[in-house]
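I've put the structures underneath this note.
Across the two complexes that follow, chain A remains constant while its partner is chain B and subsequently chain C.
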Partner chain A sequence: MNSENPFGRIISANSRECVVAYRTSEQEIPRFGSMVHIPVQGAQDFEIYGLVTDIQIEEDGFLRQLATADTLPAEVLADNRVNRNVPIVLRILFLGCRDENGDSHLLPPTPPLTLTAIFRCNSSEIAHFTAHGNFGYFRHILNAVNAPAAELFAVHIRLTSIAQNAKHNEGWTRAAVEELITLLQDDYAGLTAILGALGDADISF
Partner chain B sequence: MNGNMNGQTIGYVTGGSLKEGLLARLTAAPDAVQEGGFVVIESGGRRFYGLVTNLRLDASDPRFAENRNEQRLGPRIGRLLHQQTLFTEIEILPVLMQRVGPEPGTAEFDRHDNAIDPTPVPVKTLPAHHAPVRPANAFDVSEIFGDPQEKTKFAIGSTREQNHPVAIDLDKFVQRSSGIFGATGTGKSYLTRLILAGLIHSRQAAVLVFDMHNEYGFGDTSPDTNIRVPGLKDKLSDRVKVCALGRGTTIDGRTPDFDLVLEQRDILPEDIEMLTHELNLRDTTPNTLAALVRSFGPANWFKNFMQLKSGEGEGSVTEWAEKANVHAGAAESLQNKLRRVIDRAYVVEKAPANCIRDIIGYLKSGVSVVLSFGKYDSDLDYLLVTNILTRQIRAAWEQQTNAFHGSGGAKPTPLVIALEEAHKLLNREMAAQTAFSRIAREMRKYFVTLLVIDQRPSQIYDEVMSQLGTRISGWLGDDADIAAVLSGLSGRDTLRGMLSRLQPKEEVLLLGYGVPMPLPVRSRRYDDQFWKELLKNERPVHFEKGKPDWLFEE
Partner chain C sequence: MLREQRLRDAIELLRSLAADPAFPARMQQTLGALPSERCAIPSNERIDRRIPAPILNKRLTILAADGSQINPDRHDLVSIGLINTAVIRYQTGSGVSPRIVTQTTLLDPDDFTADRGSLTEDQIALRRDVAERELLAAEAGKSDAGVPLVALTDGPLELFTLRQAYAGQQQYIDRYQSALQVLFQQHVLLAGYIDRPRADLVVRMLELAVLRQDETPTTTFVPVDDSLLFAGLLQAGERSAVFGLNSRSNRELDEALRFSFFYLNCGDSQRPQIARVEIPAWVAADPEAIDLLHGCLLAQTRITEGVPYPYILHRAHECAVVTLAEKERIQNLILREYAAQRVTLSGESGKQRLKTLSNRKS
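Then we have the complex of A and B:
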């Protein structure tokens, strides 16, 4: 399953989310709103599924000097971006997990330990996890503190609908939107914000 | 019980109470149901039958309804949003419920107790939450209202949405007095013609129609459509006699079967008292009339009184008044006023035949009689003639019923007396004096009932109204009229709105304890098609006078 290289390792975690340091040797930062998975080994092996909810790029000691320099040679620019002293960190919201019994939209039994490796999900993993059950994992996104739910849903549903369409599961997108409407019927402002973002994301169903 | 005929579900139950009715969320488009729609809810081994009494557009949050979000979100997302947040709620008045067994062919069916009584009864419990709601199908309608093909059932119209035929039970219709109401032009006379045709054809009863406007015997031309429709005599000639008031009267150029003239001896003091308003009689009149009966006897008082001369002396009113100890002025004034009665051409001293006895004879043998008033269309004519006739009919039926119960005589023929403009005879002041209120109240024991037809039910004495088992009402605008039609019925508030929103023509609400549940129906059309359907199984019958036993064979 983990044919790819891990793109980073966990530096802190709790039951709901974790923070990951991004390996700058990787070509591309996982995108905001994309799905990742974290294999956890222990008494019982399982795999945590999560969503990238934040990407933080912080300054290191030299950055202020560089930023104010008159000219910035390309090598210096590249060097600063790749060989960083302070890593880029990603915040990952847990959506559920998978063990020998299959997928579950409940939170993982234990958070992953530090330095656990983390991988991107491929299209078929995304399709599998999100088609399981009845969108139970939406509640984790809705309950996330400090996360832009509307933006997350817009990206997540757009990316996932591509994965589902590839599996000929065309009804998924519509069902997902319907589920959101059901969940947020009593939250007019929240629902219209999310639907507005979905509109911007130009999702087709 | 056929459970496979379930139509498609239009919604599901979301709440409610026995007092306030059920609430259901509509899953179909709002125009899938209408107010007054007949719906069925299946839940827990029971089938509930009810009426849609209200529809309401609702939203899970009023802001979803107020803001036109589809303009902002685009049509696709907008549509999804509205499908879930905007909905129609229907209110249902549950009326009847029925036990249903399991589906034939299932394991439960083999095990189930065949003793389940499927008779529909008034609702005493409610269906569960989320029980599916569906429009009644033809099977449901006939389960409740009866199969229109049955001999004692008569299709009076059809449900408004699905056009399933709705029948009334002629037996019940005859057993209690009934009423047909509605503002002018709503179709009362057409509907009455339909029902009378059904009654006469089914031989469920003999009918006496007081046809004030000459519409029933030889038919009528609709002022709206200019189409001429046949009368009862035209189509059921062997079972209907047309009788016209006054000698030599023709109805629309056609000759009636016989004439009705009244003999002076038929007129009793009570017939005159009933005309107090018409003749503008004084308070002293009852006294004077009593004295007249004392002097001349009940049969001859009218003739002898009217022969008294005015002025003084031998054979004068004054002389009689002094002898009889009544006020002479009052007596003279009464005689003057009674000239209006004796001057009617149909009041004669001696009739060539006893017309009233003939009418009673026909009715007893099961032949219906349409009494056309011809040109005598004043209230005085109507009141006088109907009252005299009805009094004698009542006496005849009472006598026959007593003989039937006592000495094993023949069972009287059920008789329905149809009264147009019934409020003239059954208003509060009149009701006590005319024969009709007694018929409405107690004559069903004697096999005589009324079919009251009126535009102004509020003018009919409420004690009479409360006796009307089957009430059929077209559109009514006046609040008092609506209240009168609904008096004594449960669910008045919801039915009130339904009545005032009927189509102005050819739509009626069936009501009262004579029908299983209230239901708005589209009236059956009275046209050639109707007659074809009614008479399709008709064998020609040879009617022999004096041998009425082909009727009412048990």
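Then we have the complex of A and C:
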């Protein structure tokens, strides 16, 4: 998977998130908390930015049967991982979008259509989108249903700080954490969980 | 009770005939008088022989072929016929992901329009069988010479459609035999795997073996069939003796291509699971080849633990199968092309339209 080649296609979407099927034959499974972008073409072209919030490896009855075997030949493992069309399903939370007017941390005007291709963000795209505005996209992560917000923030801030440091924007990490403290000043439990996860993420300021 | 008694009788007869050195010659004589009887023929192995699972210590390349078809339906908005075949190449002990080759043929609509008569399911099945063997033969030619090559198909090697001749059939039979010849030239260990067979070839041989002169053949052992007989004889992993096949279509083949078969117990000690394995003459004549095939099939059936069926044949099926959704997608592509060319269609038949309406959820 690289930033030029699509790694999967959308199988369902709404205004806040989408579900992407990703073939197991791809060399690298997209990481939890990594950023992706989805080009949407139509009457008005724009690009959606999102975060991988869940990775589910699908199964079928045949796989279940194989899994009961004591030992499996290496060829059978390779066959099921490479050849069989058993997808990995990713859930992508929308963080904002980019159109001709630039980046925005508002939700996209329309969800992407099914089978739209999805791409991984490179370091420069991550740095650009996350430096825009004042962390407005954090509210989408905080409001996400069925997503582990503390874990997501920890991974996202760790990955993004690498991209920001590469652009000599070393203050981004501290500003991001301060913004989270502000946003969660009335939610002690939520803040404690996120700060705990950030501690585990070994993030340096 | 009747079934158990007859099974005991059949096993007892099999054992007594196995001990009779004159039995094979006597059977040949019987079949000389009854050439149309479809049954087993004793080979040079004792007919009650049980051969244990061999140790498979060689690397093999295994090819498996399967096919599926869409039969034209005159009630459809656009009637299509299609054959899809797949071959999967599996190299044991390599750790390498198997390679898959598929071939899809859209049948010529002129072959099933009203003025040319319609293609029957059997006729399309014959074309599919030919396509499977041709793809198998083509893929066999791409294999390493030093590694034994096993080629498997699901179902019998014998073509049953031979029984009902129709115009144009011979060209497909010739192509089928040409593909077999290619596999023969390369000494490919070809086998047709019949899961849960319903045949009574060996049982019929037993019934004919005790026939007195001028007596009409009867079905003495019904409801015992070969599966039941060999489930009572073979331990887990064992194979039976190799038997020849007495049938009209087999006699019409070149001697080198004629089919024999053996039974294999792929089950465990609690639940026997009998499969029939059809092999051509060049495999039947090579004891080492039969051992390799025996070991290979057992290893394959044990991959899906508890469901004894060769893994590679199941995968070939998965690769070849054409789903209803795929059929509809092809039909939609054709409809779009007709629309672009302003071709007017008569629409679905009334019968199909009402069926579609009934299935439509409000």
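Operating definition for what follows: the second predicted complex is superposed on the first by the 198 of 205 C-alpha atoms of A that agree within 3 Å, B and C clash if a C-alpha of one lies under 4 Å from a C-alpha of the other, contacts with A are read in each partner's own complex, and residues count from 1 in each chain.
Assume contacts are C-beta pairs under 8 Å (C-beta built on N, C-alpha and C of every residue); 3 or more make two chains touch, one makes a residue touch a chain.
Model, not experiment: these values are computed from the prediction.
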First (chain B), second (chain C), both or neither touched by A:Arg84: second
Touched partner set for A:Ala74, first chain B, second chain C, both or neither: second
Contacts of A:Thr182 with chain B and chain C, given as first, second, both or neither: first
Which of chain B and chain C A:Phe62 touches, first, second, both or neither: second
Touched partner set for A:Thr192, first chain B, second chain C, both or neither: first
Touch list for chain B against partner chain A, complex: 60-61, 63-64, 69, 72-74, 76-77, 80-81, 83-85
Residues of chain A defined as touching chain B within the complex: 174, 177-178, 181-182, 185-186, 188, 191-192, 195-196, 198-199, 205
Contacting residues of chain A [partner chain C, same complex]: 62, 65-66, 68-70, 72-76, 78-79, 81-84
Parts of chain C lying in touch with chain A, wherever the complex brings them together: 90-98, 100, 303-307, 311, 314-315, 318
